Amino acid sequence: MANSGAAGIEEEDTVATTGSNAAPRVAVAGVSGYAGGELARLLLRHPRLAGVRPAFLGRAAESETKSTAWLEDLHPQLGVPGTAQSNPVHPFSWEWLVDSGIEFLFLATPHEQSREWAPEALKRGIKVIDLSGAWRLKDAKNREVYHLHDADPTQAAKLQDEAVYGCPELHRKEIRTARLVANPGCYPTSVILALAPLVQAGLVDLSHEIICDSKSGVSGAGKAPSAKTHFMYAADNLSAYAVFGHRHTGELFEQLHLNPDQIQFTPHLLPIPRGILSTIYLRLKTATTPEAVHQILTNFYSGSPMVRVHPAQQLPQIQHIVRTNFCDVGFALAKDGKRLIMVSCLDNLLKGAAGQAVQNLNVMCGWAEEEGLL
Amino acid sequence: MANSGAAGIEEEDTVATTGSNAAPRVAVAGVSGYAGGELARLLLRHPRLAGVRPAFLGRAAESETKSTAWLEDLHPQLGVPGTAQSNPVHPFSWEWLVDSGIEFLFLATPHEQSREWAPEALKRGIKVIDLSGAWRLKDAKNREVYHLHDADPTQAAKLQDEAVYGCPELHRKEIRTARLVANPGCYPTSVILALAPLVQAGLVDLSHEIICDSKSGVSGAGKAPSAKTHFMYAADNLSAYAVFGHRHTGELFEQLHLNPDQIQFTPHLLPIPRGILSTIYLRLKTATTPEAVHQILTNFYSGSPMVRVHPAQQLPQIQHIVRTNFCDVGFALAKDGKRLIMVSCLDNLLKGAAGQAVQNLNVMCGWAEEEGLL
Amino acid sequence: MANSGAAGIEEEDTVATTGSNAAPRVAVAGVSGYAGGELARLLLRHPRLAGVRPAFLGRAAESETKSTAWLEDLHPQLGVPGTAQSNPVHPFSWEWLVDSGIEFLFLATPHEQSREWAPEALKRGIKVIDLSGAWRLKDAKNREVYHLHDADPTQAAKLQDEAVYGCPELHRKEIRTARLVANPGCYPTSVILALAPLVQAGLVDLSHEIICDSKSGVSGAGKAPSAKTHFMYAADNLSAYAVFGHRHTGELFEQLHLNPDQIQFTPHLLPIPRGILSTIYLRLKTATTPEAVHQILTNFYSGSPMVRVHPAQQLPQIQHIVRTNFCDVGFALAKDGKRLIMVSCLDNLLKGAAGQAVQNLNVMCGWAEEEGLL
Amino acid sequence: MANSGAAGIEEEDTVATTGSNAAPRVAVAGVSGYAGGELARLLLRHPRLAGVRPAFLGRAAESETKSTAWLEDLHPQLGVPGTAQSNPVHPFSWEWLVDSGIEFLFLATPHEQSREWAPEALKRGIKVIDLSGAWRLKDAKNREVYHLHDADPTQAAKLQDEAVYGCPELHRKEIRTARLVANPGCYPTSVILALAPLVQAGLVDLSHEIICDSKSGVSGAGKAPSAKTHFMYAADNLSAYAVFGHRHTGELFEQLHLNPDQIQFTPHLLPIPRGILSTIYLRLKTATTPEAVHQILTNFYSGSPMVRVHPAQQLPQIQHIVRTNFCDVGFALAKDGKRLIMVSCLDNLLKGAAGQAVQNLNVMCGWAEEEGLL
């Protein structure tokens, strides 16, 4: 039996294989963007999906796929278009999805579209992993930044309640049985994974505001050409943006249970293709040792294969996580034992988007969380 | 007299100062682009223009200057907008130019506009240094790539005859008295300066085609956002383009007196902001020594301060000429004494555009050629 | 029948399970460099090696492994050091290799070491895939550039005769039974794969020298810090080097059966981490159509899954092949039907080094050539 | 009255021609590094030094100048080596300096050398502008990070008292008459210029620590090749370093009169050649309006031509200050009127080193502060 992997995986197999355990049929809508391309790459080589080809769709019925009908035309790194091994990109169609027996639909679509399509998918019995910001925020006030309009507000509110924030390290259990997973934002993933262990342990002195200074590569700005994504603007430059108002901030409030006086977040645009580094400044309630901080982190992430806790006082950097699904977390503690700097790094297209989405699929299917991601 | 400079310059002053020798009034039309910005920078610190502020205009009557009325808003590296030292950008207006007593007009405008405006300027007694491709090519066939339409074809043909190709190293004498200078393309400057000495000396075996493999930074593609200038496309990439059809090729034919069978030119897009490197492959008629080749080059450029001939077998590189007006020329000769590789480098926005335009102004005004350019 | 695609794999599978075909034990010596790291990554996720962990060794008995005993310390993108999933790096030892039952040894070592170690490995019945230049060149004159000293010149000469140049697209059959495979240089791979089809077909007019203008990312210069690999030197720069004397040139002569008057090769250092683009200028003997050229290329590579022939007049670029094992080949033919520009691109660490090495392993083991490489 | 602009310059001109005010003779020791090169470039085109060529020296008596005797060999962008216009680089020699009548000596040397040489220069009546960290810190405890050893501790202590921290915006008056100016560090310049106005006005709530998150280009790491300056390490990467212990921190304490509990500073290495951006987080004592904050900044810098205060809520970015001597300062104030983010940008080789050194020379000579720097 090919592609089987480690022994532990096979055990889970046994658990999982209550009959239904043939490879599920998955589809990606919105495959032309950067995250969509990474999703395609990951799903195509996922060992659990080896038997059944994933399906790829455009963002619209007429679709971006008119001129290029092959995934490999949109993302040439993936293979040779127009051959037996290549993958067609279909115009978006609910009928097609249902007829094809799709069980999981990844939405790599703009948030307006995700807000509209997720209910439609669930109605048809298709589970959704949404990569947009449409379903991440429980608090309507936090959601305002997205200007979402719901055709059926009652149903939308219900679904919003049901939606699970797709951070497996925090919500593994709920994700397992979720129908609608809201894949986290790239920035929040880096900040939340750094802060959650200490905040949940009640060790952070919240009378001192937590400062999150984040820096992201240009792929985070999307594929559409603009003045800010012009090579001459982005290269050899650094700029802060969306200060006091980035729409990812609400995820920090909700996931860390903090209010706007307790944490602030400032993003910067780095002159690199991909990667996020967040430098986070906080103060502990009581003087602590580096060993104790390290212990809290390693305990918290003991069952989480995609988070790597660095040794005390050793900080992660972007080059080590680019093109991986790891989130690396490290820290430096001042001599006073109270002032703490945490640094976390991840690839904004993987752990910050497509990789985490596949990690969620793994959890939803009862597979090992890191499968297809190493 | 402040800012006077070397003794030699003062001598030329004497020659030049036949009364009219107050600083001339110069204007730049189309100051918002990359070349326009570099022109502004050079003219503002040009010692010969110290007394009289250059004028800056937009590309149109309504102009791009509506929202930003200051040069320093368009090009923040140049200073502080809105102060006594800052420079207004005027809407384009012939009346304004005439009333302001403008003597020299730099056109950093698209070629269609340059084709239309140059005759208008000359009609009003204003000399023109045009940075576009509109007036560079004598042969109508070569000019076809620009799809130019002349309101008055007879007048245009006359002007085309009169226009001088603004390569001071080749046409210094004609430029001195020219009314209309067609500033060369960035790629052709790099190729022509490498090849002219040996081709003119009749040493090149033209039965073997000359191959020009050129590479340019992204600023050469202009300021408009597009799929190809997106950071994610240009960074970490290299691509050839416009193979067998780049519109700069005609300049090579005309300036080097070669036909299309004797030279070919292939440009590539480099993942850097600025700089061009051309690698040129040719064969000499008879076996020659490196010393002899070096001598021909240094003789040719003995009176040309902006071309630096490298020692034999030492090749120039982009980092040494970026942000200078130098064109560096070097070569390697094979052991057979016949196969020759020439490498030339320049900054596409300076020696390839704005710097060469100022060099032409210097020549037209009888100043030292390198003034304001070191 | 190898290279046959999906169906063929299943057939081979059947063969594979007949006992002898358990996963072979492979080892990599010199795992700390860039190519060594890529080899490790590829081998660790190779489906045919799933059962048996590859072994990793340093470059010396004392080894670079003293301070870092884990592969994941040397290459953090590969995983978490010091866990059950992580991979130890052993000091180099013949005894250890023999005791571990190693059947294939990849040498990612300097050429002097490869020249010394390959005979030692073969003596012990271990097959060798050498990534250095030590065994690539049959002609002693071409080999001079490496200054190799053989302890036993007679044996070395014999082995040199036996060694197979590891370009599967040209020497698939010989590689299958080879004991010593000399993995090609990165530059030659890009040039040879572009030129071989037309040269072998006898269509190239060799009275006109073939010009190969190649450009490579900085990883090609190795991991050792130097003035030329300093970020301030390499970034925003381009430079030609080793003109008329790069030691990869001999591979072109030998593999394409050309003499030094018929082809020349000039490498340049690109300001990107990885990727090679070669622009190749040649002339055909008789006027040909783009369709005919395209047909020759596609025929030649019909059984070669790792070479992608572009449609006529569409040129490949680096971004499409980075981090893949593809070599993309495209061309533009002038209107005269004779002047031809070929462009080929590959990732210098994959198809130009580690990927091609694994491709050779696949061939030697009778597996599908692209296994573990898509 | 300095800093007054055009009119003031002419007045000074008049003063200048009264005999004693001929151009002073200046020398640069340590001209081979990045800051040394920028110093040479600025001094060579400084209008006040037009008459007298600056002198350039190596770092040692034997000197780095043995093989390259020309400034233009070390820094090819500056001109043509070996011609009448080029500049020799002399071995370092006190005798030579005295004989040449040098009045000002720039030390672009390592801090140990600057600590030793500054007293030697003063002893000979030569004023010193030191670009190293040797003389910046008054508090011996802060100075410990440099491990300085003084041959004559009493004399060194006296000189340390006398040395003036060369930030013209804070210490213009003292610099005017100083014999020894300690040119500030690049990071501290960016932080101090952002913070000084509000801290001095007593508006900052110091019970909340000020957080300085700074990012610098690679030239800040110096010219020596190392693992961290390798292109493959620095490119496409970001890393924090020297957390809680960067040796520039003492300058912040001393210049802003803050203690280590009130401010912390974390530097990061950016994948760009040059430029620093500091994001600074602080809290105001009482709720304030953006207009009020803006007013305080513009008042503070009204006589300071090299600091540009951005409009309220508009943040500076690196591209606007690279290759200028400007420090751009901007801020965003939260709706609560208390939480303030300041962003400042400068070019680490100019306002952060060579440019500021020339600015100090201007002040010491009674010239307009921005002369030769625009």
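All chains are identified by letter, namely A, B, C and D, in their written order; residue positions are counted from 1 within each chain.
The rule is simple: a residue touches a chain if its C-beta (ideal position, glycine included) is under 8 Å from a C-beta of that chain, and two chains touch if they have at least 3 such contacts.
Given the structure is predicted, the values throughout are model-derived calculations rather than measurements.
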item	value
Shared interface partners, meaning chains that touch chain A and chain C	B, D
Farthest-lying chain, centroid of Cα atoms versus that of chain A	B
Distance from the mean Cα position of chain D to that of chain A, given in whole angstrom	43
Inter-chain centre distance, chain A versus chain B - centres from mean C-alpha coordinates, in Å	49
Inter-chain centre distance, chain B versus chain D - centres from mean C-alpha coordinates, in Å	35
Multi-chain contact residues (two or more partners), chain D	233, 235-236, 271-273, 322
Interface residues, chain A side, partner chain C - complex	2-6, 45, 76-77, 79-80, 84-85, 236, 308, 320-324, 374
Chain A - residues contacting chain B, complex	34, 218-219, 223, 225-227, 229-236, 271-273
Contacting residues of chain B [partner chain C, same complex]	208-209, 211, 213, 215, 233, 235-241, 243-244, 261, 264, 266, 268, 270-273, 275, 277, 279, 281, 283, 315, 317-319, 322, 332, 334-336, 339, 341, 343
